[in-house]
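Both of the next two complexes hold chain A, though its partner changes from chain B to chain C.
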Partner chain A sequence: MVVDGVTTASFDELVEIETNEGERRLGKVLEVGSGKAVVQVFEGTTGLAITGTRVKFLGKTMAMPVSQELLGRVFDGLGRPNDGLPDPVADKFLDVNGEPMNPQSREYPTSFIQTGVSVIDGMLTLVRGQKLPIFSGSGMSHNILAAQIARQATVVGTNEDFAVVFAAIGVQYSEAQYFKRSLEESGALKRSVLFVNLADDPAIERIITPRVALTVAEYLAFDLGMHVLALLTDMTNYAEALREISAAREEVPGRKGYPGYLYTDLANNYERAGRIKGKNGSVTQMPILSMPADDITHPIPDLTGYITEGQVVLGRDLFRKGIYPPVNVMMSLSRLMKDGVGEGKTRSDHMEVGNQLYDAYSRAQEVRALAEIVGKAGLTGVDLKYLDAGDSFETHFLKQSPDENRNLDETLSRAWDILATLPEGELTKIKDKHIQQYYKGNK
Partner chain B sequence: MSLNSLERTIDKVLSQKESTLISEIDSALQNSLKNLESSKSSLQVEYDSIIESSKKQAENLKRQIIGSSTLNARNKELVIIESAIDEIFIMAKEKLAKSNNEKNYEKLLTRLIQDSSAKLGSEIVIQCNKTDLNLVKKLVSQESSNRKSKITVSNEVVDIIGGIKAASVDGTMSLDNTLDSNIETLKPLIRKRIVQLLRGENK
Partner chain C sequence: MVAKGRIVWVSGPAVKADGMSTVKMYETVEVGDSKLIGEVIRLTGDVAFIQVYESTSGLKPGEPVTGTGQPLSVLLGPGILGRIYDGIQRPLDEIAEKSGAFIGRGITTSPVDMKKKYKFTPSVKKDDTILGGSILGAVEETPLLTHRILVPPNYPEATITEIAKEGEYDLEHIIGHANSKNGDKIELKMYHKWPVRKPRPYSERFDPTIPLITGQRIIDTYFPIAKGGTGAIPGGFGTGKTVTLHQIAKWADSKVVVYIGCGERGNEMTEVLVEFPHLIDPRSQRPLMERTVLVANTSNMPVAAREASIYTGVTMAEYYRDMGYDVVLVADSTSRWAEALREMSGRLEEMPAEEGYPSYLASRLAEFYERAGRVRALGSPDRSGSVTLVGAVSPSGADFTEPVTTHTIRFIKTFWALDTRLAYSRHYPSINWMQSYSGYLEDISKWWKENVSPDWYDLRAESYHILQREDTLKEIVRLLGPEALPDEEKLVLEVARMLKIGILQQNSFDKVDTYCSPAKQLKLVRLMVMFYKESQKALKEGKSLADIRALPIITTLLKAKFEVTDEQISKLDEIEKQLSDSFKGNMEEVKVSV
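After this line comes the complex of A and B, so read on.
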């Protein structure tokens, strides 16, 4: 919408539009100049008449009312209550664009978050303050995984408060209902804040949703000292909304039509995770994105991968085999795992077991490929054991029920069960003392 | 073969068969006992796992019930507080509507007229409620002579509790400087204070 005769409007300024019928909508200024302002209306421009529509420039950017009362509430993509309850009473109003975290005051993430999902806790450990995306594909079980993590995630061994901020971006109504029901039925909603932007909501609202969610996450973390896990699903929908608005503004397109500033824009969101020196809380981010055509070189996962600290990749083959969660560990990595596990943090054998599982599964994959050519009869005894270990890894460790919450001891015990199928001499990544303590195979 | 040797052979076969059968029965018994023993331990494992999973389910259920009850109670509290806030606002508005005789109100109206004129330009049209009409006319005439601005007071009254609505002469720009609108703007801050008072918090 273009508003004429505007002299003092500012970029990103919030605008209130009043229709002939007295309906009020919100929008924000995208461009100003030559006495005109380009305003993107959050609720869409359908039904707006050229004559009689009134526009009010509010002289402020979009702000989110924040307080502890947000916990247990459900909001729409713009932060308005969506659960039939009144507006939350605000402690303060925060600009949704946030303030950049001073790199000098960032604290290195080193504390473990338990998700209750074996493959993540055991091999791709999430650390408080980390940003670890989940790369998925169309139709795969990323939303089930996201909901499971939201229900189960916890900080083990401390009494510090933990909260989940869940932003559903451009999801279908049924998915939104699933997230809400899942959190309600597990009793996890009381420590969660849910933002739901539906697929049929206007594109501009989709741009705001992660910002609003991260503003709340920052408040809970750095004002109230909570450890916050922010789950953003699906960031592909976000990037597509960004492309739509960029095209409407006639900007020069970059790769696959996405704007040239896609990297900067994604970084603006992803970098709102971390810990701050002298403050108790933390914001940990798990953005979830579905890769178009499972293409990991697509601009969205590609640029995301540059910014985040590792990735959890879901594999189509495992998904087809009916394995949940279908995490392709060979493509996945948590770059901060090494700093968040081990003696005094989780368990002294954690890192070594994780590495050994990588090694064993990688070897199992090679042996599987070899068996396709020469047949099982052509394999050595050790190769056959790796083959068993690979199968066991998928069925006993990777596979778990969406409502199964495994603690770290159980996860590591399952890992040792798999390693028990291998001869002791094959455990080259594990220290002798840990083999003595935990190895269950024939010595 | 003599009858005796035949009987001996038969006896021998029978005795061999008997011992084989006895040993097979023994071994079957041993196997059964072993199976029973191993079943016991596997049953124990099964039993333990059922108990363990039941405990987990019970724990989940407990967490779920406590979580949803706490949340429901909190949500009911929010609804009650909100209705109290609404009542307080209604009472406050009624009180404000009756306060147009006070000296402060005259000052406030003067400030609102000046503010509207500063924002929309020197030529503006002002609307107010029926009760304030004469007062606004008086204040506008004072203001017009002081500032040499052309402010018109419309005889079309509006249904507001106080304050004024201003618009540019061509109607393209308008400014809602009513008490209703100012209350709405300040509502989030006022609500916070009301909630603090209701909850006995003294911040």
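After this line comes the complex of A and C, so read on.
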């Protein structure tokens, strides 16, 4: 929307639009100059007429009222209550765009979060203050996994629970309901804040949803000192809304029609995770996105992977086999794992065991591919052992029930069970002293 | 005359202002009431296009724009090392003091502490002739580095009329006076400013013949980079670009390291800040932070400053080069820098070339990489220094045919291609040995022969040949299975596997394996080649491959990289003996221990 006769508007300013019918909508200034302003209307331009529509520049950027009372509440995609309860009393108003965290003031994330999911704890360890997305595809069990993590996540040895900030971005009603119910059943709802932008809500509103959610997350973490787990689902819808606006503004597109600033824009959201020196709280982010056509090189997962500290990728093959969680470990990674595990944090063999499991499963995949050509009979002794190790990895380690909460010792013990099926000489990633201590196979 | 104009248009980091007819291209300007820092990037009539280095939220038409008369410059003097700066050389710790944990706007700070006193020792005396770039004296910047005080390179020839005695001075103190030939009086201080977009001059460029030792086996042994050389490391996400760059920044045998975090993760910069003060330089036993400068413009910081950060970093690197030091600059990632160019170009509505990137992308990349080199510095005394440039590239979709990668390849000589498949199988560093190359191999082989061992080149070639053969054999295995190959070729596969695990893979997070000295690298490669030759011989003598595979020495060879430290390197000779013993007799009875 372009507004004429503008004299005082500033860039990024919040705008109130009044339609002919007296309905009020919100928007923000994207571009301003020569008496004109380009305004993005959050609730869509349906019903706006050239004549009669009035615009008021509010002289401030978009802000979210925050206070402790937000906990347990449900809001719409722009941060207005939609649970039928009155507006919470605001402690203060915060700019939803946030400000970049100074790298100098960041505290490096090192505390291990136990999620109770073996594959994550053992091989893709999540750390407080990390941003670790789930890359999924349509129809796969990413929501079940995210909800399980939200319910079970805990830092061992402390009694601090995570507050959950959940942003539903353009998702179906049933998905949003699933999360709400799951948080309710586990009693976590009273320490959660939900923002819901459904699939049939205006796409443009989606640009704001993660921003208000993360503003609240930052407030809870750095003003109130809570440990916050922020779940954003589904970032693909967010990026698509961004593309829609960019196309409407006739900008030069980058890849696949997405704007050239998609990376920067995503980073402005994802980078709002972390810890701050001298403050108690933390924001741990778990964005969920569905890869269009399961393609990890699509710009959305691609750029996300460049910003986040690793990724949990769900695999279609495993999903079809009925394995939950269907995590494709080869494609997954947690960059901060090295800093969250080991002596004094988890167990000194943790990292090596994780690496060896990767190695073993990777060899198993190669052998499987080979077996399809030459048949099992064409395999040598060691190769056969890898084949077994690969199978037991999937059934004994990876697979677990959505309500099964395994502690780290159990996870690592299961890992050593799998390594026991391999000869000792194959464990080239593990130091001799750990082999002596934990190896269960025939010496 | 200073230009004073008015904002007429704002769109993100791009601002148009009129009334700017006296402003110069690339002049720094103050934008708006909050005095945001910007730079003029295009002039049309009296309208200036300005890229603003801070968030423009709340900026409106009508606000003033004031020129400073100066191009974007960095301050060069003692006090830079150990600091972390944003893209336009503002220290992040002082920004944190002024605006808290989140970065505020319109903050002006001095890049270095102007009040701090340094002990200056002059090396020139009255009546000496000085040239631009000459050394006046030295101060100890950190215990790791003697900071040589330079005459600004653009100063004319002059005669010293007065020079400060040895003593403690702050940066604003005038330490010397000189008269130029045409009678101008020159005042000399311990710092000067230099525009970032202008390469610092030197008197002569040398061929790069000395390798930069990084302690990373696949780099030093297989794809080396020379001091003063250029290298690029492209790879999809998760392939370990940043870890590899951190390894180079940590262990490279250079005097100064400039690390540019350009549009990358905030936590990564924090990691460097947390880790480097605790890491000890293996050569000087001092914390690595004392030789490191960080330029951090993370992905969520303003995009225009990301564009500037590369130039800020390389200008500081050139300054230390001019003192006669070897400097390594790592830029992570040049793709984000290119995206910043693209974003500004899009806002200026320029005609795009491939994938929306501006058509001048290639020439900008060339300008950057050409600032590398080993040179003889200007002025006296005679000295040489180098700037080695290593840039990460983040190709979208790990596709090496995208514009930033293809253009970068044209201007660099060492190419470390990161491979997503290797990373998936946790083969780190995931540098693909078939795709990577080094243009310095022949130039630097002399150094290895003279300083490490005469057989370096041959051992490298022999072991690399095994990897090449494996690559061709793999195709056959994929079609027919391994049993279709004769034993001799199966052996190639086996030894290639050992090379991959025992040499190419290197664990950056293991205390021992993180740095591998050139001597150890050579010995490890020699062991592998020896094993191959002994096995070949054994096969010819009629022994079975199964027996060779069962040799316990294999596990020892694979673990030597992290079980044998650099200090106990003689243990590798013992292993060498065990290795040759293993093949004696009927190959069963040899006990192996490290």
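Convention: the second predicted complex is superposed on the first by the 420 of 443 C-alpha atoms of A that agree within 3 Å, B and C clash if a C-alpha of one lies under 4 Å from a C-alpha of the other, contacts with A are read in each partner's own complex, and residues count from 1 in each chain.
Everything that follows uses one rule, which is that contacts are C-beta pairs under 8 Å (C-beta built on N, C-alpha and C of every residue); 3 or more make two chains touch, one makes a residue touch a chain.
Computed from a predicted structure; not experimentally measured.
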{"item": "Which superposed partner A:391 touches (first chain B, second chain C, both, neither)", "value": "neither"}
{"item": "First (chain B), second (chain C), both or neither touched by A:187", "value": "first"}
{"item": "A:100 touches, of chain B and chain C: first, second, both or neither?", "value": "second"}
{"item": "Touching partner for A:90 - first (chain B), second (chain C), both, neither", "value": "first"}
{"item": "Touched partner set for A:294, first chain B, second chain C, both or neither", "value": "neither"}
{"item": "Partner chain(s) touched by A:267 [first = chain B, second = chain C, both, neither]", "value": "second"}
{"item": "Comparing the two partners chain B and chain C, which touches a greater set of residues in chain A", "value": "C"}
{"item": "Common ground on chain A, meaning residues reached by chain C in one complex and by chain B in the other", "value": "none"}
{"item": "Complex contact set, residues of chain B against chain A", "value": "56, 60, 63-68, 70-71, 74-75, 78-79, 81-82, 85, 172-174, 188, 191-192, 195"}
{"item": "List of chain A residues in touch with chain C within their complex", "value": "7-13, 30-34, 61, 95, 97-109, 129-130, 222, 251-255, 260-261, 263-264, 267-268, 270-272, 274, 276-277, 279, 297-299, 302-303, 305-307, 309-311, 330-331, 333, 335-336, 338-339, 351, 355, 358-359, 362, 370, 373-374, 378, 380, 425, 428, 431-432"}
{"item": "Residues of chain A that touch chain B when the two form their complex", "value": "5, 54, 65, 69, 72, 85-87, 89-91, 93, 184-190, 405"}
{"item": "Interface residues, chain C side, partner chain A - complex", "value": "7-12, 16, 55-62, 84, 92-93, 95-96, 99-104, 236-238, 261, 263, 265-267, 269-271, 273-274, 296, 298-301, 303, 336, 339, 342-343, 346, 349, 352, 355-356, 394, 396-399, 423-426, 477-483, 501, 509, 552, 554-555, 558-559, 562-563"}
